[in-house]
Every structure is written in C-alpha cells, then in structure tokens.
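In the two complexes that follow, chain A is the common piece, with chain B as its partner first and chain C second.
Right after this comes the complex of A and B.
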C-alpha cells in the first residue's frame, strides 16, 4: 500500500506514528502490524515531542549530502510514550549529550537537493 | 478616522518566540572587515545551517498553539523577507507542520514590518467572525552583505501569535492599530540578488522616524492615549540607537522600552524584531498593563498597536520558555563558523 506523499510529510514534520487499538502500544515510524501483539488494528497517533537519550554516537564521516554538518550526534531517543527512534541531535554541546539527557523534537532542514534545490524538512532533536 | 478596530475584539490567545542557539559577537565582524572595535550591538543571533524561516516559524508557531491550547487555525500568515523559496509559499510548509490543511495560508512581505501586518490581518479575520483563530508569524534569517553596516545587526529570530476571539483565557486584547505608508527608497533587494541594498542617509529620518512617528501619533490622536498611559513600548529595532531615539521623541522613557529592547543582544531580526520584543514584554507584563507596539518596514511603513494585558496572562506563565531564557541559552561562534552556517562559503 502506497503511503500518500503528505502523509509521509506528517511523519517527518509532526512525528505521526502508530498506536495499536488492541494493546495500546505506540511506535514510530508507523507500522501496519503491532510490534507487540501482532494486531493489524492500527491508528495514526502523534508521538510526544519529548523524550530522553538511550544511546548516541558522534558521526565524523556521514552519508553524502550531510558532510557540511559533520561532526554531529546521532542518538536513539526514547519518547515519553516508550517509542524508540533514531535521530540527529542539534544545538547540543558535547557536555550536554549523555545517556538519559532530556530532548525535545524540532523541525530542521534534512537535506537540500543539489540539482533541483528542493529542501527536505524533517525532525531532529535537541537537548533541553 | 484612520484607526483600525475590529467590531468584535480579537486577542492574543498564545504566543511563542524563537531565538536560534548561536551568537556572533560583532567584534568578530569588525575583526574581519574593519580591523577592530565592535558594532553598535554586542552580538547577533545566527540560525544554524539546517535552520531557515520555515523551521523557526514552526518552532514559534508550536509554542504559540501550545499556549493558546488550540488545534485549529483558520489562517496561517508568515511575514518574512527571507523565504527559503522565491516561488513556493513558506506558510504552507509551516501550516502542514502545525497540522493545518483547511486554513488560509499566505506569505507576507514588507521588509521588517511583515510580522505586524500579519497580526492586523488575523485580527480583522477574527474580528469579522470569518475565523475563530489564526496564526500571525514574523520571522527572518536576515543577512547583510559581508562587511556592510547591515551585517553587524542582520539576525535570525522572531515570534508567533495565535489571535482569537477575546474570552476569559485571552492573554492580551488587541484594542486597535494604525498604519502609515509611503513610497520611500531606503532599502531594497531586487529578484536574484543575494543581499539587500540601502541608502544610509535614507534609513533614518525620512524612513524609520517619519513613519513610526506618523503611525504612533495618529494612534495617540484618535484614541486620546498619551505615552504615560502605557506601561511598555516596543519599537522596531534596526540597531540599538533608533528605538531609543524614536521613543524619546514620542515622549516615552527608557523604563518603558527597556524590557522589549532586544537588539543589543540578538540584533535586528527584521520581520521578527518588534513581534519578539512584544513577546519579551508579555513574558513580564501584568493584567491591566497597556503596551504600545510599533513596527517599521522599509519601502516604507509602520503599524502601531494598542494592546492591553488581560487576566489570562497568568495562565501562560511557564508554558513555554521565555524570550529571556532563549537569549541566555546560546553559544558564541566565530566569523568563519558563521560564514559556513549562513552559506557565505562555497566549495
């Protein structure tokens, strides 16, 4: 099933994930089948915009298109509802980035297409 | 009568500011271009390389909606002169990120006063009953040509206002406003040009002072208000000197303008400048306080507002970070980092 374009944007702008109506588990990115109980009774759910760092790493040689931002932090963040996601950290000092540190979601430029100039926006997180 | 006043009063239901994390001390600019000293302001706020007017408008808009406790906006206006796209609205990206589709979205452009005219338009839409509430944003990532006087102050930041029908929850009522415009060639940027041009001798007297004095004096004349009626006054801040000078000429004291005078520490955030000054005042104001807000946009024009703080302001405390805390949460960068962030270096 193709996900409509603007639905994808809601995922990247607003953290629209999934909630299982059978067991209540929430997850991001969205799924068609609950990871916890296997139910297909899934609804859209906006994820909480805050959470904490579970683990992190600093990237010095990122993927093509992201070199100018290097070095930057990538972290696994556990949102307040328990959903875990991989995200870039911004505006955060080396001292502030640590396991357990509180983070909030922000929308930033993810990348700019070199030829067309199209800007892709998406979520990143910063330490509060 | 030149006064603009909606039949049903509209009010600020929530507001949110955004100041990016990075500061460029003006001594850094002077070191590179003038060989020493500093600029008129101490520092300016600089957006990170992955920030632009869209991302900063989303941040401020989210704060404003959270404070207002609203999920439905009948209008989203973004006033800016630093649109990420020359053709493609900023406001539609912001609207989608705020979860709004059935909404009147538009970008407004009027140099540094595009934010306040957004507030006037939303006030009109609410006051006429066409919409329940709308969002007015003034936000910019302003840039000056390297070494130009403008580079010392051109900064990033702004504020967003959810304006809705006045009720018990309202933080402040927008009582009335005036506007004054004329064809003045003080500052401009033609299509395909990267940096604006300005006529230094035109930016003060016939531009900034003439237009603000006209909008504010008209407001005074038609409402009967005088400077001493206002607890606070916020003027557009192209540098630290002009707002103090225009305040003095109009009869305001330093005491009235100091809370909203942010230029020395963040610079000129263009369309965001007077709106973020107002946000800093609302962070501290008490019910019953009157606030005079006057913007200026080159080209040229000024909007002046009479705003009165209401009991609902108490419930807004602590909902969002204050402007002061955003100004304090910062880190200093050097001129080379700033050049990289603001796309002044090309590989």
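Right after this comes the complex of A and C.
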C-alpha cells in the first residue's frame, strides 16, 4: 500500500496529469499516449484546481471504510483545461450541488488504511 | 458462410443457492442443455465457462464444472468480461465452431456470489472500474457509477425517478411468471419509489440483486444442427466493444458508447434493423441501464427511452417487449450466468416455448444486450429462427 502511494504521490497530492506536446490536450489521470491525437510525446502537467460539475450522485450506501462520511457526493468534474476527473464533493450544501456548478479543489483526508492506520490524503472538490 | 445454431438450452433456478456448490449449480443447466440438444458428451469439443469469479472458493471454475458434468477432456477455458462474461462465453464457443475447430461447443455461465457477505460483494463490484483513481480514495460503488448516468440522463432528457421505477415494476411483473426467477412477486410503483436510497436517484428497487445461478447453451455447426433439431435458433450476429476503465474518460453520461458500437456491429452482421426485433433482453443491472439500452440499441431515438416506458412499448403487447423473463432485476444477476441466460431466454421466445410470457414472433428475430461493468464491456447478440 505505502509504496504504491509513494509512486503516485505527485498525482495524488499535486494533481499532476498529462499534457500532449503535439496537440496540447491535457488529461487526468496521466496517460502515456495522447487520447486525442495518439502522440506519445507526453509531459507532466499540473492540473488547474477549478472546474465545474458534469454529473454527480449522493451515495447513501457506502463501502466499508467510508461509513463515517455517508451520505456523501461523488461527481465527475470537468477542470478548466477540459480534463475530467472523478472525485468527491465536500463542504457543499445540497442546494449548491448541481450540474454546471463551479467547484475548486481542496486537500482532504482520503482514507485510513485498515491495517497500518496510515492516512492517505488527496484532492476533493467543493462548490464555490 | 457456414452458420452456428443454439440447439440446446438449460437454466438453473436463480437466487441464494446455499443448497449446491459451484459444480452442482453449473450441472443443473448443463444437464438440461445437453439433454435438450440430444448430443453425446464426447462430441462436445469445446466448453467455455463464463464466470467473473472472486466470490467463490474455486480458482479454476472451468475444470471443476467440467469434471462434475462429465465433460473433462473437452477443450475448455474460463472467460471474463465482468457482467458480460456469459455473452463472451457464447461468443468464444461460437468462434470455435465458425473456425472449424469443432462442430459442437457449449457455453456455460455460472456465478455463486452469495458465498461472500454483501459488503464484500459490493466492494468487489465497486472495484470494477479504475481501482486507483476512482475507487480507492473516493469510495465509488457500482450503483454510484450508474447513478452518475441517471442524473445526467434526467438532466438532459427529463427522465424521472418514476420512469425508472416503472422499469422495476415491469421486471417484477414478468419475474412473477418465471418459476426460475429470484423474485417472483409483483411490486407497486409506490413500493419501488419508496424504497431505500442507495445512490441518488437510484434506490434499492432500481438495482438488481446479488445472485447464484447458472445457464448453458449447446451450439452446433449448420450441418450438425440440422441432424439434432427441427428448431435450431441461429446466431445471426454478435457485436462487441469496450470503453474506458475510468468513468471520467467517457464523452458523456447519457448512454453507453460500447453498447452503441456493439449494437451497430451486430445489426450489420445479422443484416437486420432494430425494427425487425420481435423480443429483446436488456442488461438492467439498474433501471437506468435498461432505459439507456432502448436508446443505445436504436429501439427509439436518443432521449426517447422514458417515452417508451410511459407508453408501455417494451411490455408484452408493446412494440418491442424487453426482459419478459424478469430481467436482471427480478430474475437475478449471477454475473457470469447472465449473458447465457439471455441467450436461453431469446431461444425460448423464438422457439415459442416461453409460456405465459411468450412474445408474439413476427420477424423471427430476437436480441440480447449484455453489458459488463458500467459499459466497460458490451455484447449484443442477435438470434433468429432462420
């Protein structure tokens, strides 16, 4: 668990995704071949920390380990550069969560490893 | 081009099957299918077992099932395409006949999901997408994936929770006529709408259950099929496709692109149009999935799914009856068995053996729509009487 997270820590903690140097398309999570033009000339790129809700749900029946958060919002967010990511929405009122609403990234505790008690942090989003 | 026919069908009772082990459960449908085909076991050259696995103890289900059913010696493998594993098994068995390797092959779908507790099952299914980016940190569940589609569909096309609930009521209505179904009781619209919220707007009655069950088909080449039966049902077209693991990579959330592609390939191979489909099964793991299937299959225009529900066009007596066996919702959804179960149901319908839930057969063509994951895999199979 720990090593796996260490390998992707830039992606988890700094939202590092990919940018195609041929066509300029940006995406998250990272890829090694551009999904738009097929080029393999890819560089790391920090994603913008704001975007809008594409679609969402409120989860009432959570998985083990997520009970304390329930009910919570999950959403597909389109960042300002066009990259989309799936994420949780936090600190947002029920009335504010809707398709098209503007959101910004915020670092939060993501989960606690059941065996070691190790805490993983990561990005979530809140409605502005 | 030579052809391949379904010449034997078998189907176990679906539900919580603590009374049997994996081999026994598979055998229930294998025996029926072999007897129905009237084929000698030694002539079956290939046995393809569709099973997603993870919940039962056996790690090599194909050989366990093969030994118990007296099929050891035949070529065999287990195939996985999540909830479309059964259709993948049918496709692999079909291929082995079309390629000339064998004249007779079997597809067996089997799953025993209730060997683990419900939270473990839900977690296993929840991992079906992108584990690292969507499951681990955010706690995505399978109902939540489809709920993302439901919210987008409601927003874009005005589909309502009541439209979705009507699909559940329909499934239970036909499930009540199917003695092999997990749920054989009718439900009311109020009960569906008032059921426990799982992932808004999807409620308990929008979701299929966890199930144990098996289904089997015997397939044969054209020459052999004609010696075995007067009522072969031909596999006229199989289309299959896939989509991204990450839901965030999808272009939109109002339909499944893999299903559209698979359908288009199947129609083209079978040389039929959606208007010629007499009866269909649609992959209703959630009610929204069935509604999107109407659109993805071209039964109506994009966004017309809710209208088809409101006008009863997919009920018995409607334009294209869908899921007259109760669907995944009421019949049950033992993941690997489902695709084969769909082939069994369509074969029964085309043979005119569906009893109380028999659809009128005009063109002699039926369709099975089977999805793995949240549109991660898609298989569309078209069967016909001639």
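Just so it is clear, the second predicted complex is superposed on the first by the 121 of 128 C-alpha atoms of A that agree within 3 Å, B and C clash if a C-alpha of one lies under 4 Å from a C-alpha of the other, contacts with A are read in each partner's own complex, and residues count from 1 in each chain.
Assume contacts are C-beta pairs under 8 Å (C-beta built on N, C-alpha and C of every residue); 3 or more make two chains touch, one makes a residue touch a chain.
Treat the numbers as computed from the prediction; the structure is a model and nothing was measured.
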Fit or clash - chain C, chain B, common chain A
fit
Can A:69 be said to touch chain B (first), chain C (second), both, or neither?
both
Contacts for A:119 in the overlay, against chain B (first) and chain C (second): which applies, first, second, both or neither?
first
Is A:106 contacted by the first partner chain B, the second partner chain C, both or neither?
first
Counting only touches as set out at the top, which of chain B and chain C does A:54 meet: first, second, both, neither?
second
Which angle, to the nearest 10 degrees, do you get at the Cα centre of chain A between the Cα centres of chain B and chain C?
150
Should A:93 be classified as contacting the first partner (chain B), the second (chain C), both, or neither?
first
Based on the superposed arrangement, let me know which partner A:84 touches: chain B (first), chain C (second), both, or neither?
second
Looking at chain A, which partner touches more of its residues: chain C or chain B?
C
Touched partner set for A:22, first chain B, second chain C, both or neither
neither
Pick out the closest CA atoms of chain B and chain C after fitting on chain A and give their distance in Å.
11
Chain B and chain C contact sites that coincide on chain A, given as residue numbers
69, 110, 124
Hey, which residues of chain C end up touching chain A in the complex?
119, 122-123, 126, 130, 132-134, 136-141, 143-144, 147-152, 155, 196-202, 246-249, 253
Which bits of chain A are touching chain C when the two form their complex?
8, 12, 27-29, 35, 54-66, 69, 71-72, 74-76, 84-88, 99, 110-111, 120, 122, 124
Contact residues on chain A for chain B in the complex?
6, 9-10, 13-14, 46, 49, 68-69, 90-91, 93, 106-110, 119, 121, 124, 126
Provide the residue numbers of chain B that touch chain A in the complex, in ascending order.
20-21, 48-52, 54-55, 58-59, 62, 84-85, 93, 96-97, 99, 331, 340
